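Pasting the structures here.
In the two complexes below, chain A is the common chain; its partner is chain B in one and chain C in the other.
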Partner chain A sequence: MMPPRVMAAARPYLYLTPTLAVLAAFTYFPIARLAEMSLRAPSVGTSLGPWIGLSAYAKLFANPLFWRVLGQTILFVFASVPIAMALALGLALLLDQPLRGLSVFRVLYYTPVVMPTVAVAALALWMFNANGGIVDYFLRSLGIAPVPWLVESKWALPTLILIAVWKNVGYYMIIYLAGLQSLPRAVLDAARLDGARPIMRFFTITLPLLRPTTFFITVVALIGSFQVFDFVNLMTQGGPSNATNVLVYFAYQNGFEYLQLGMAAAISLIMFALVLGILGLVAGALNR
Partner chain B sequence: MTIPALRFAGVGKSYGATKILDDLNLEIAEGEFFVLLGPSGCGKTTVLRMTAGLQPVDRGEIYLRDNPLSGVPPERRNIAMVFQDYALYPHMTVYHNMAFGLRRHGHGRAEADARIRKTAALLGIQPLLERRPHELSGGQQQRVALGRAIVRDPALYLMDEPLSNLDAQVRAGVRTEIKELQRRLGVTTLYVTHDQIEALTLADRMAVLNEGRIQQVGPPLDVYRAPANEFVASFLATPKLNLFDGTIERVDGAVLVRTAIGTFRSPNPPSALGGRTAVRVGLRPEEIKVSFALREGEPSLAIRLLEPLGSQVLAIAERDGADVTISVPADAVPEKAERLGVVPAGCVVHLFDRDDGVAVAHFRSA
Partner chain C sequence: MIRRSASYAVLVAGLVPLLLPFYWMAVTSLKPKREIFTATPQWLPAHPAWDNYLLAWTAEPFARFFFNSAVVTALIVALQLVLASLAAFALSRFEFHGRRIIFWIIVAALIVPVQVTFIANFMTLAHFGLLNTYAALIAPYAASAFGTFLLRQAFAAVPRQLEDAARLDGCSGLAFLWHVLLPLSRPTVLAFALVAIVAHWNDYFWPLIVTNNNAVRTLPIGLGMFIGQEVTTDWNLLMAASIFVSAPMLLLFFFMQRYFVQSMLRTGIRG
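Now for the complex of A and B:
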């Protein structure tokens, strides 16, 4: 038997062990294995293949399509996340008021969040259909020429961004709303008496006080957006001519269409490092 | 006649069908320290928030130095408020907490700086200027909150239970400080509290508020000595007012008030008593005279519990089912005291109408 003092010191770690074991088996081991795969030439089903060093990475970096996909992913993330967050904050500010029937609006805005992505994608495909979709119908009734949404390369990624924003904005809004409602009212009252007008109050008091909420949403949104796959797979399969191809879909294509497992592993690992790095920067900037 | 600094004229406020404030009429003189005392939910914080402009007035009008306030946004009222939970800007240093309002009100950087330094010196918070609120103790935060109000040099201070989040010891210290500061600065102050000690110690004049209506207005000791009704008497008694049914007898020009715990005699019958034969009798714990030296056969009360408070002891005694709480100097209580007798002479007796609770007389028994 261990002496009681050692027992007491060891107990917290003991409690952490099961979780760590599960994480190790299903997260850290796969990551290590992924790293190993990216350094070898694995073939489907059987062996990990011979060690080939960094040649998968070299091939990847020499491939212009990889850089294009990387750029498109970054564009998708850094367009959809700020737009969705700004919209979410705006809506949350509107809904953070003692109005009648407010819960109805909350439910309305939250509906896209609880809809399955497949359903949202099907709906979006129908709405943004270039042949008589309802969005074009409205544009036409406003006298605007119809837009070849998902058909033309230059429109496809913005359309995807639009749909992602629409899907996510309700989720971010609910979190912002919770953040707003937990703000100390007296502090905002004090700012009013101190002479700060609404816009001033928003930028000098509300926004800084919401920083923990903003940080949380940023992290969740960045991770979620970097991993965008379902919309691409369901709506465009990366097309037209790779205009909506993003890192996860690119990894999927390499791994499961071209059976280049080493390549897919290298792409995944690069993305992992990228997300980690960006989150580090965000944490540094927002979580002081 | 001088213009009152703050005047409430028929001010009312309702939430739906619930009346929060009903026809509030009050005048506060320039430089006066005025305390609104009342239990939670009596509408006192609503009065402050309406004065500050944080809540609209439903009926009536509030005048600041004769200028009607309705329609004037909070930022243009020249009023500063100290909040119960300090409400400091958590992401700003003490310096910027104080600078915020000054800068918003159009003071230049140099002038703001001079005023902040002066106020900080006045409050002894210069060493804290570069700290953030979470690095300060409760007492320090409250001092900064005061500083934020003072630095703006407003026409009126509003204080919403500013001491209630402080420890007992710190509270007494800050209380003294607030009073001294107010004296020194001479700025009209409307202070809201549910604590009778704060009201009595701080106020030049006070108003007792209950269920949205003013019960009594006056200097604290007047209110304490001659409460206008049962509610005011109860609210200004610690820990509680002893209330009994009493009957009135008139003997040889004097009045005898008989209660469950004894009979009290007033040599000069109070005129407001009229022809009443039945009253409610109120006795504060500290205004009852007792004796522990009992003679055989003398009427006495059984002591149920003794609660030592230090210099005083609270004796909870009973007779015939009637509870009495009495405050006695600790050194007057013998060890293992089991009974006590109420001394009929020298008690302060408050008489109230049995039906509406309005005070009819206050006297010291002879």
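Now for the complex of A and C:
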């Protein structure tokens, strides 16, 4: 039996132990394990295989498909995030007015966020389908030729971007709305009384004041978008001819289809490093 | 006046691309097969086929998947709440060596998604023979960095005097956590629980990695398999299945939307 003083001192550590144990086992240890796997030739089962140095990385960097996948991932992130954020900010500005009934819009615009990605993928497959899809019907009725949405390489990634924007815009909108509602009213009112035009007010006052919110959304959106996998796996399997292959899917493919676990680990680590690097840049640019 | 009408007009216009897909999903789910492919879209099913839902429900062992999803989601969220409460209690109400560092170690876990660690975690679970078990679906999510962070903020806002008063009444330690801190942090607890329920009910990625057996597969995996099989023709059944997979979260959202939206407004957490 420990003396009571020691017990009391140990208590906070005791309370923290379960959380730290889970994070150590499933978040931090895996990063070290990925590094080890990427330097060995592991096989499915229990064997980690012999040490092979940096050859997985060498092979990866020599593979043009890796660079293409990397580029497509970056394109996906840097197209879907700004588009969704701009739309979200626009909606948030509209909803941040003393108008009747706006809470209904707030709820409706948020609905896609609680939908399972699998259900969204199923719905999008049907709506964008080349055979009977309703999106093509709308285009035809506007006199526009049907678009080979998921069938043709140059259209497939933009289609996934569109779907990701649809799914996420409500989430960013709510956070922007929270940011807008916490702005100091006095400053905004003073600017209005000074006769500053709405557009001037937005760019010189509202937007700079919103910078912490923008920073927060950017971080969350970047991390979330780099993880894109569900739509790819469910809708295109990375195709047509790898046009929608992205880093997480590429790692998954290497690990579970080609059983190249070392290669998969290397891809995961590179993606992690990339996300950290970009977050660092964003923090430097936005969070001064 | 003009500005006001313009605002409404834009907001209503925005609802079309937002809600039309939901409408189309519902309508398609009720169409008999011959009404799916028509030259012009049929906005209402001429002969609503309600048994599409039964057909879809029995096309895969969805009852089993539903049960698995419910068990896994409930256990994950319960564990997260318990572990996060304890950790947040330590971080917010105790002075001890390493508190700052431990706090940052926990928060930094937020930037390491399962989409990075999955291969290593898969290997670990395979090593212990845990693939295709509830344990594999639950264990990596048992702790939540995010929940810990949120609860710590809520607990830290409870004034010191309250703690002293409670102690005088003989309420200290875990009793204080249970009888004072948690009830006072109800909005945060509720908001976090809702967000966690949605996240884990909808999760497709991790169950895909660690299950390949119907006994433990969850609803999103079942629907994903259904997509793979039905993708050519039976859109009505696929839409019906999509609806019953989404329905629990949509209902939860519409009944609890006040808490969802408030929690977002307060913390900006993900649903």
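General remarks:
By our rule, the second predicted complex is superposed on the first by the 265 of 288 C-alpha atoms of A that agree within 3 Å, B and C clash if a C-alpha of one lies under 4 Å from a C-alpha of the other, contacts with A are read in each partner's own complex, and residues count from 1 in each chain.
One rule holds for everything that comes next: a residue touches a chain if its C-beta (ideal position, glycine included) is under 8 Å from a C-beta of that chain, and two chains touch if they have at least 3 such contacts.
These figures come from a predicted structure and were not determined experimentally.
With both structures placed on the common chain, the touch criterion links A:189 to chain B but leaves chain C unconnected. Of the two partner chains placed by superposition, only chain C is touched by A:9; chain B is not.
In the superposition on chain A, the chain among chain B and chain C reaching more residues of chain A is C. Once chain A of one complex is fitted onto chain A of the other, the partner contacts of A:151 are absent, as it touches neither chain B nor chain C.
Of the two partner chains placed by superposition, only chain C is touched by A:113; chain B is not. Judged by the touch definition given at the top, the superposed model places A:233 against chain C, while chain B stays out of reach.
Touch criterion not met for A:130: it reaches neither chain B nor chain C.
Comparing the two interfaces of chain A, the one with chain B and the one with chain C have no residue in common. Residues of chain A that touch chain C in their complex: 9, 11-13, 15-16, 18-23, 25-31, 33-34, 37, 42, 44-46, 91, 94-95, 97, 99, 102-103, 105-119, 121-127, 129, 131-132, 134, 137, 166, 171, 174-175, 177-178, 181, 216-217, 220, 223-224, 226-227, 229-230, 233-234, 248, 251-252, 255-256, 261, 264-265, 268-269, 271-272, 275-276, 279. Contacts from chain A toward chain B in the complex involve residues 184, 186-187, 189-197, 200, 204-205, 208-209, 211. Note for the complex: chain C touches chain A at residues 4, 7-8, 10-11, 14-15, 17-19, 21-22, 24-25, 28, 36-38, 40-41, 82-84, 86-87, 89-91, 94, 96, 99, 102, 105-106, 109-113, 115-124, 126-127, 139-140, 142-143, 145, 148, 173, 198, 201-202, 204-205, 208-209, 219-220, 223-224, 226-227, 231, 235, 238-239, 241-243, 245-246, 249-250, 252-254, 257, 260-261, 264-266, 268, 270-271. Within the complex formed with chain A, the residues of chain B that make contact are 49, 52-54, 73-77, 79-81, 83-85, 87-91, 100-101, 104-105, 148, 152.
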